[in-house]
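The same subunit A turns up in both complexes below, where it pairs with subunit B and then with subunit C.
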Partner chain A sequence: MNAAQKLPSREFREKILFLAPGLGYIGVLFVFPLLYSLYVSLTQWNLLRPDLGVRWVGVANFVSLLRDPFTWQTVARTAYFVFGSVALELVLGMILALALNREFPGVGVIRSIILIPFIIAPVVVGFTWRFLLNNDFGPLPHLFSALHLNFLVNPPLLSNASLVIPMLIVIDAWQYMPFVTLVLLAGLKALPSEPYEAALVDGASPVQQFFRITLPLLRPALLVAVIIRTMTALRVFDTVFVMTGGGPGSASEVLSFYGYRMAFQSYQMGMSAAIGLLTLLIALVLTLFLMRSGSQS
Partner chain B sequence: MVKTRSGWRLHLASVLTFMVVAGALVWTLYPLLWVVLSSIKPEQDQFAIPPVWFGSRLTLDNYIRFFQDASFLKTLVNSTVITTLSTALSLLLGVPSAYGLSRFHLRYKDILSIGVLLVRMLPPIVMVIPIFLLARTFRLLDTYTVMVLVGAFFSVPFVIWMMKGFFDEVPTELEEAAMVDGSSRAWAMWRVIVPLTGPGMAATAVLSALIVWNEFLYALVLTGANTRTLPVLVNSFVSEKTVNWGVMSAAGVVAALPLVLFGLSIQKHLIRGLTAGAIK
Partner chain C sequence: MKSSWSSRAVLAALAVFLMAVLATPVLAAGKVTLVSEYGIHTEAWKTEMKSFQEKSGIQLQLTQIPYANYFDQLTLNFTGRLGNYDVPYISSLWYPAFAKAGYITPLNDLVKAINISDIPGIQNYYQNGKLYMVPYMNELGGILYRKDLFEDPKEKAAFKKKYGYELKPPETLKQYRDIAEFFNRPPNLYGVTLMGKRSIFLATHFMNRLWAYGGELLDNQMRPAFNSAVGVKALEEVKEMFKYANPAARNYDFQEALTEFTMGRSAMAELWTTGLLYADDQAKSKVAGKVSFVGFPRPEENLGKKLPMLYISWGFTLAGTAKDKRAAEEWIKYVTSKDAEVRAAVHGNIPARFSALTDPKLQKKFPWLEPFRKAMQNCIPTPMVPLIPEGSALVNQYLVPAVADYMAGVADAKSALDKAADGVTQLMKSGGYYK
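The block that comes next holds the complex of A and B.
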């Protein structure tokens, strides 16, 4: 009896055996680098100048980061990109989900085809669009010229400071609209039929039905799509890196690219860690805000 | 009167559906077809102005050149090795945790589950500096080890949430019956639950592989000549001065095709896995 009390119970050992490896792994790989990142963010550390060593500077990195107007411009650019992509994908995804919710021959195949861009590596997506938009050998500039849309050709879209973010938004929509579509489609398939029968009796038009019944009932699916897409749009890096390198100038420099550039082009580890933590803070606040506004209904 | 009006509406709805679906197909396929057709175009047709969709003849030269170049082939091998090992590791670590979160009564279950979700939501740029500096300190840059460990870090949270969903669907009576017969919980899980959730686990493995295969930021920072992956290769093509669009397109197809086929085979579970945890 006494011995049994001292030894951890079989149930407790089972819990440890099952849970510890997986949770421990992500826990250690999360907490340890995060703490290390916090430490790095409080230092001045130039990888190209090992002679200077790692100097403790306290919160100086954060102060200069928050004082630098470039930081806020980058936050604004990132917000523009995130908001634009999520909004465009929601609108297009909703329209497409409504169409795919109807029964017609081949709908299954079409659903698969539409999903393809979502599965392709973002780097390949970036390459694909860079090729399509190449002013000499890509088909799109020639198509734009034929349609007399010269502002899309001259200057080239990738070098047009005012159109580069809208273009990245369109490419993001090409890749991630399928995800939004399928999330909303799953939501549509799960809707109850009673409200629509009642609406039919009341003589509500399809447009009224959509705004009064479908949209409110679809709120949980919309929320999932918004939360996940916001978080993934916030981390956009690959397509920006491949297509524009943050350019022209810094017209497409988003937060994650700023953090990368600071570390691997300017070699300022401390500043880069500070940018990373600022991004984390923004991501956390956004997630909590979205989840709270979702649970209020 | 009412009948014709609803009939007209039905007709309008069909026309609208057709237009939306046709538009979506063109929108999706236009870029894909361009790259696929460019990969089977002979070199001289790549530089036609205005561009041509179909080459003067069909050729596999671009693919042959890709597979004959040892350094290109190496990236394909690297991607395969890193993805396979990462996926195996993340299933090994994630599946028991998912089972535990699904079955055990735990005091801090909600906190643990939300913690896993937070790691999943983490912007990768947050961890890239510390992981790069740590890998540098431990001399792990340009090794499979660091790529496999990082890949598993990113896919384990998905594995946990996705598999937890599948385990929740299996009645607890099944393994309880096996455990009454004297087998341990681990054995009961292995013999009773794992076979029942097999298709779910296959889908989870594909999702996990997809995450690692397509990963770019960490591959860019942590790999070197020996371990660079396909996305890093595709990126290096883009930054070169003399571009060979045909071979690049072939590389793009090679990088995309295997996982597109796998991904489509589990498309039903794909969305479910990616949204797991975001809804209660």
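The block that comes next holds the complex of A and C.
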């Protein structure tokens, strides 16, 4: 074997050269922070006690996290929120996408208008809904009272331990349903017309067409919407922070808020990093599950 | 002759130059960077910056950070050893952690230069015998109340008829409950405004009562003591008081509570003294000129005793990385002097010094300063979190969820407090206080 054979080929070097900026970007902004988080999660590090130093504790943070019943309650609350909001967004988003898939005067304007909640910053959404739900000044409690829905007014929705997560789900759906609609609408527009023509010849009803043709063909678009929304719902923070502070009690404390509390109220950086990695693990498992089930079907 | 005149002129010019140099303060070349939040008292002391710069020749620069991010930004700046700030203006709750970490340095030279005995609560700012912070704004947790309602003859008569004693600002917890019940006339007027959102504000309602009953957060062994019998009683009483508050108050934070009171929708508000600066502002409040303050009530058997009372303070510290420490201390000395405090107070500050609180002009502008001063004099000013690096975590991480869980009905008072106490024990163990 001569020296020339040992050297990478020119083609290989060129590939590496072209890939280098992208790899560097991923390395600096994704891989390094992830590895650093992993390192921090294996330490006991109190930001306010630099005199104690950063102590290596191995997997102790993960062990205490997984042994703490509060963690599992928080995971369950987060799951409730994620599944609730994604399901609601899918159902409403699909209805809206089907409605907007038809041509009628003003449809273009409506398609633009429905995007408005999606482009509002979540923190603004939180403050807006907090005001809308204010028992004294907000219009919604007055509407509920007028409709004799007093259980939505007293105790106030955001102070009601049983209804606070459903309320957050509704708000999340209000904000992100336009995104789901947009993805599904794009999917609907790309559907071929032949299966529908064949269905009409066979005398299939619109409901049969929806369940037998539209839904199966729309599966890739649905999968994209579900995966993206699941990931973003998992990291919900702003609206919870602004609207409830995780309360009443701990009724709306989700994983991201728990991590925030550990990092910026207790300054336990190791434990907070462990919570972050636990969230990442859940997100990975969910994504793999969804992608696998999507590809199998 | 001509040359002698020119020599004299040169000598005279030199003399004038030398005198000018000598007359200029030693710190003329100094430059100090201040950092603070955007807050009413910062706006007040900002008015003193110009005169200080003119008098001292020291250049001041101010960076302001929104309160929500202030602590985090400051901590990250310190931990990153960036040294961007010389004089952080901070909450008293933060200084122990910064002092322990060496981010701020003792103000040894200032202790002799300022009359510290004039500043209530100053003992809170010593660590290992060294002063780390000079308070600029002092306030107490207590009751803001509507003078117009309390002094209304019809209300007074009706109250006496119903409860058998005179209507006056509450001194005992029973009076406080009675008055809240009396004025609770929803939906237009509520007995009391409280802050029920899961936050440190909610925990203050618990701490107010815990201290009034003679309880404490930590005992002298630094072990949790708030889950005692008086702790349970205090927590149960918080829930009781919410009966006389707007149902919406269960999710109120400080700002919403203040808004309710300034809109004239409650007879009392369990807030702290800064609220009066807003409530007394014609431009912002419907009850301006009709409000006053009373220190937090206590059980009848504890009347006259000097008990802890919720104490909130902001003040000036010196960063360990300050480049010109002497110039920085000059600023702190200047701005915390009695005269500077009096001048700035009208712009929205409650002075830290007793001598400033008793200033006649200031008392005329803010009549509630006198009851506030009395309350301050007759209590042990006690910060809302223990002044140890773990203090903030103790309250935010354990106490707040405990109070919130009890208020939400997911735990009874005793088990909620016991659970918090277990967490605090672990926290203190990990901090090395005991094994």
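The rule is simple: the second predicted complex is superposed on the first by the 276 of 297 C-alpha atoms of A that agree within 3 Å, B and C clash if a C-alpha of one lies under 4 Å from a C-alpha of the other, contacts with A are read in each partner's own complex, and residues count from 1 in each chain.
Here is the rule we go by: a contact is a pair of C-beta atoms (placed from the backbone, for glycine too) under 8 Å apart; a residue touches a chain by one contact, two chains touch by 3 or more.
Predicted, not measured: the structure shown is a model, and the values here were computed from it.
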Exercise. After lining up the shared chain so the two structures overlap, which partner does A:240 touch, if you call subunit B first and subunit C second: first, second, both or neither?
Worked result: neither
Exercise. So, A:267: does it touch subunit B (first), subunit C (second), both, or neither?
Worked result: second
Exercise. Regarding the shared-chain residue A:30, is it in contact with subunit B (first), subunit C (second), both, or neither?
Worked result: first
Exercise. Once the shared chain is lined up, is A:167 touching subunit B (first), subunit C (second), both, or neither of them?
Worked result: neither
Exercise. Does subunit B (first) or subunit C (second) touch A:154, or do both, or does neither?
Worked result: second
Exercise. Touching A:287 in the superposition: subunit B (first), subunit C (second), both, neither?
Worked result: first
Problem set entry | Broader residue contact with subunit A after superposition on the shared chain, subunit B or subunit C | B
Exercise. Now for A:52: first (subunit B), second (subunit C), both, or neither, which partner does it touch?
Worked result: second
Exercise. After superposition on the shared chain, which partner residues are touched by A:136: those of subunit B (first), subunit C (second), both, or neither?
Worked result: both
For this session: Classify the contacts of A:249 with the two partner chains as first (subunit B alone), second (subunit C alone), both, or neither.
Result: second
Seminar exercise, completed: Both partners, subunit B and subunit C, contact subunit A at residues 136, 264
For this session: State the interface residues of subunit A toward subunit C in the complex, per the touch definition above.
Result: 44, 46-52, 134-136, 153-156, 158-159, 161, 244-251, 261-262, 264-268
Problem set entry | Complex contact set, residues of subunit C against subunit A | 71-72, 75, 79, 97, 100-102, 187, 196-199, 246-248, 250-251, 253, 256, 260, 265, 389-390, 392-393, 396-397, 401, 404-411, 427, 430-432
Problem set entry | List of subunit B residues in touch with subunit A within their complex | 9, 13, 16-17, 20-21, 24-25, 27-32, 34-35, 38, 46-51, 53, 92-101, 104, 106, 112, 115-116, 119, 121-134, 149, 152-153, 156-157, 159-160, 185-186, 210, 213-214, 216-217, 220-221, 230-232, 234-235, 237-238, 245, 248-249, 252, 255-256, 259-260, 263-264, 267, 270-272, 274-275, 278-279
For this session: Please name which positions on subunit A make contact with subunit B in the complex.
Result: 14-15, 17-19, 21-23, 25-27, 29-30, 32-34, 36-37, 40, 95-96, 98-100, 102, 104, 110-117, 119-124, 126-132, 136-139, 142, 174, 178-179, 182-183, 186, 206, 220, 223-224, 227-228, 231, 234-235, 237-238, 241-242, 255-256, 259-260, 263-264, 269, 272-273, 275-277, 279-280, 283, 287
